[in-house]
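Read through the structures below before going on.
Both complexes below contain chain A, partnered by chain B and then by chain C.
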Partner chain A sequence: MSRPQPRTEQALDLPDFLQEVEQIRSPSTPNKTRDTTRDTTRDQAGDQTRDKAPVKSSAIDRTSVESGLWVFIFGDMTLFGAFFTGFAWQARSEPAVFASSASKLLIGIGGVNTLVLLTSSLFVVAAVRAMHAGAPRPAARALAAALACALLFAALKVTEYLTEVGAGYTPATNLFFTFYFVLTGIHLLHVLIGAVLLFSAWRGLRAETPRVSSRFVEGAGIYWHMVDLLWVVLFPLLYISRLA
Partner chain B sequence: MTAFLPGRVWAVWLALVLATLFSWWAAAGRPFENTSAQLGAAIVIALGFGKVWLIGMHFMDLRQSPLLLRRIFNIWTMLVGGVLVALVLL
Partner chain C sequence: MNTKIKLLCAWSGPALAVLATVGLALANVLPVPPAAHLDPHEIAQFYTQSTTRTLFGFALASLALGLIFPLVALIAVHMVRMEGRTPLLTFLQMVTGSATGVFLIVPMIMMATCAFRPERSPELIQLLNDFAWLMFITPLAPFCIQNVAIALAILNDPSPQPVLPRWVAFGNLWVAFLFVPSILPYFFYSGPFAWQGIFVFWLAFIAYASWAIGMGLVLRHAVLRDEAAVTMTPMHAVA
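Now for the complex of A and B:
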């Protein structure tokens, strides 16, 4: 029968880890159960870090909690970055096909949709800032405005698809249109997911007692800004190809 | 609800709108046709990545986030933007 091994100082068990997380989330909350010797070491290390890069405690709080979200955001951006590069690479091999195909796109709808998404992002910033100020009602109104922009974007995009397919341009037409429908289709899926998140946040804030946290609104907001950011690259890449 | 938006955020939004209108005009009006269409496309794509950076720093609030997040975002912007501009120009 084996004897239990003594715990080493380096090992960090679950309760200790949870204490660490709680300490980061609530820096002002004193933790009386912590080992003071280890605290001193950590505080010195913390001082050095703060000296190098002064960061607001709220920023640390948000980042520690939303680290999973940021991994997803950067992962998604990397995937889209590969798509963008693949598109630009193929455009070099068939410049005439890409330029003539891009000229068939409805640039008016693409431009309006860019402005719609930029404005929706402005409303989302207003919602997050209202939540930080402890004002859920204005935050709900801002989220409703952002949601309206999201639905307008989707409606315009579907209109554009229908017009293009009606004119005989489908994903099977050529490589440009394959890229166009796949890239904008995946982006539209992101818009719909973002719209669901915005709707959930809005619905939770409309209740007598708000049922969603400021953190959820922030997370939905960061996701929505990523949707905006990806379209800001897609618009020049797809619609401006006609320049070359 | 707009009372919660500081002047800085309004200024960023206005810059993003103006940059979009310029790109739109460049694509529709083809002002670079008589000079270099490739250079025009590269300028518009670089402008797009400038907009990406503004959205990240001021809308996603990365300017107040820890250095690591800012670094990853800046690397993505410069790397993807640089590759796309190079592919258009070269």
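Now for the complex of A and C:
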């Protein structure tokens, strides 16, 4: 096929996708690779498709490239599923201890933290959508908001821990508090790792030439939704189940 | 010949899991490990009830755990191809993988020491038992760093035909998370987060065994694929 012929869909998409990979590999020279790889097809039609490039390449990312991430997501949710089962199992053997201990938790802070995490997930959705639309700046703003929510969650959680320990409730108090501190502690570790992912995505998008792929933002977003989902199960299990 | 050695290294992963399981079962550590809340006499009795069998079990387990080193080397050979001229993560993987091997073998020797002189004072046996179990379970940092190093190398593999599939990276990150509760035995004598607890010993044991089997099989597949690619090339050239 010679130059004036219209190119096929694949021929349009693949180079853009490779460029994006190239951008992640060598953040210092993103513009050069982008220009030099689009050598012979530099006509008007080519420039038009280049403007649409982010949308098309992200469509490829979404369907095929990062499917391995689900191994981690389902694996990690299996681990927490085992934790929840273990908690429920022990709660059946000492229902009175678990009920009276659960009533000592600060349900106000827990409830606010639930809203904080749900809000952060909304911001992450906005960021991923902005990336699909090829708009890195709004995506960066949404990521910054999600990051702020993550830090607020961590701060509230630490406040809660300090209040509880100050009132004399520690992981050694009884099995309920052991589960409470361990499960929320491991969840908090997930939140902090998620915050690092959100931060690196935000920093990469804020740079003069954005050097973060929509694949990375999407992967971090999926991880963040999992962190949110785990808390949405943890909160009723630990704080509210006594009401039933 | 080279392929045969590589395959041998790959199979050392599954062999490690099987033989170490047999060894620990012979030593009575499986299915119920000596618990942290037992008193010194119960601990001493655990090690001295059938001394020869216990010692044979620990001997087998300590030999089997040595099979981690060929697997670490084979992982390194594949990681070098991902990383190219600055194989930092490869070195990190080798150092931390080796440290993990040592942290698994030394406790076998210490537990064998508990059974070595049945007449020893129970308090001393308990001390050695505490040390052995805390060393066996809690040093998760080297292993988690090894998992993360493998994952980062795979995720940054620039080749259009990656050396290892990307899901292996995410599987390694998951295994790293499975080891997080293993730091908790410092704080508990009993319950699910003591060293004999379900979320510590059993979770870590299954995770490590599955990791060794999984990495062994994944690498075996990669070795065979490379072998096929090498033997196919001349035929393609002819055609």
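One rule holds for everything that comes next: the second predicted complex is superposed on the first by the 181 of 244 C-alpha atoms of A that agree within 3 Å, B and C clash if a C-alpha of one lies under 4 Å from a C-alpha of the other, contacts with A are read in each partner's own complex, and residues count from 1 in each chain.
Following the convention adopted for this analysis, contacts are C-beta pairs under 8 Å (C-beta built on N, C-alpha and C of every residue); 3 or more make two chains touch, one makes a residue touch a chain.
Being a predicted model, the structure only gives us computed values, none of them experimental.
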| item | value |
| --- | --- |
| Contacts of A:145 with chain B and chain C, given as first, second, both or neither | first |
| First (chain B), second (chain C), both or neither touched by A:115 | first |
| Contacts of A:101 with chain B and chain C, given as first, second, both or neither | neither |
| Greater chain A contact set [chain C / chain B] | B |
| Partner chain in contact with A:86 - chain B first, chain C second, else both or neither | second |
| Which superposed partner A:130 touches (first chain B, second chain C, both, neither) | first |
| First (chain B), second (chain C), both or neither touched by A:76 | second |
| Contacts of A:229 with chain B and chain C, given as first, second, both or neither | first |
| Contacts of A:175 with chain B and chain C, given as first, second, both or neither | second |
| Shared contact residues on chain A - chain B and chain C | 70 |
| Chain A residues touching chain C - in the complex, by the definition given at the top | 21, 25, 66-72, 75-76, 79, 82-83, 86, 90, 171-172, 175, 178-179, 182, 186, 189 |
| In the complex with chain B, residue positions of chain A that touch it | 53, 55-56, 58-60, 62-63, 70, 74, 77-78, 81, 84-85, 88-89, 91-92, 107, 111, 114-115, 118-119, 121-127, 129-130, 133, 135, 138-139, 141-142, 145, 222, 225-226, 228-229, 232-233, 235-237, 239-244 |
| Chain C residues within the chain A interface of the complex | 156, 158, 165-171, 173-174, 177-178, 180-181, 184, 187-188, 191-193, 198-199, 203 |
| Of chain B, residues touching chain A in the complex | 1-5, 9, 13, 16-17, 20-21, 23-24, 26-28, 30, 32, 37-38, 40-41, 44-45, 47-49, 51-52, 55-56, 59-61, 64-67, 69, 72-73, 76, 79-80, 83-84, 87-88 |
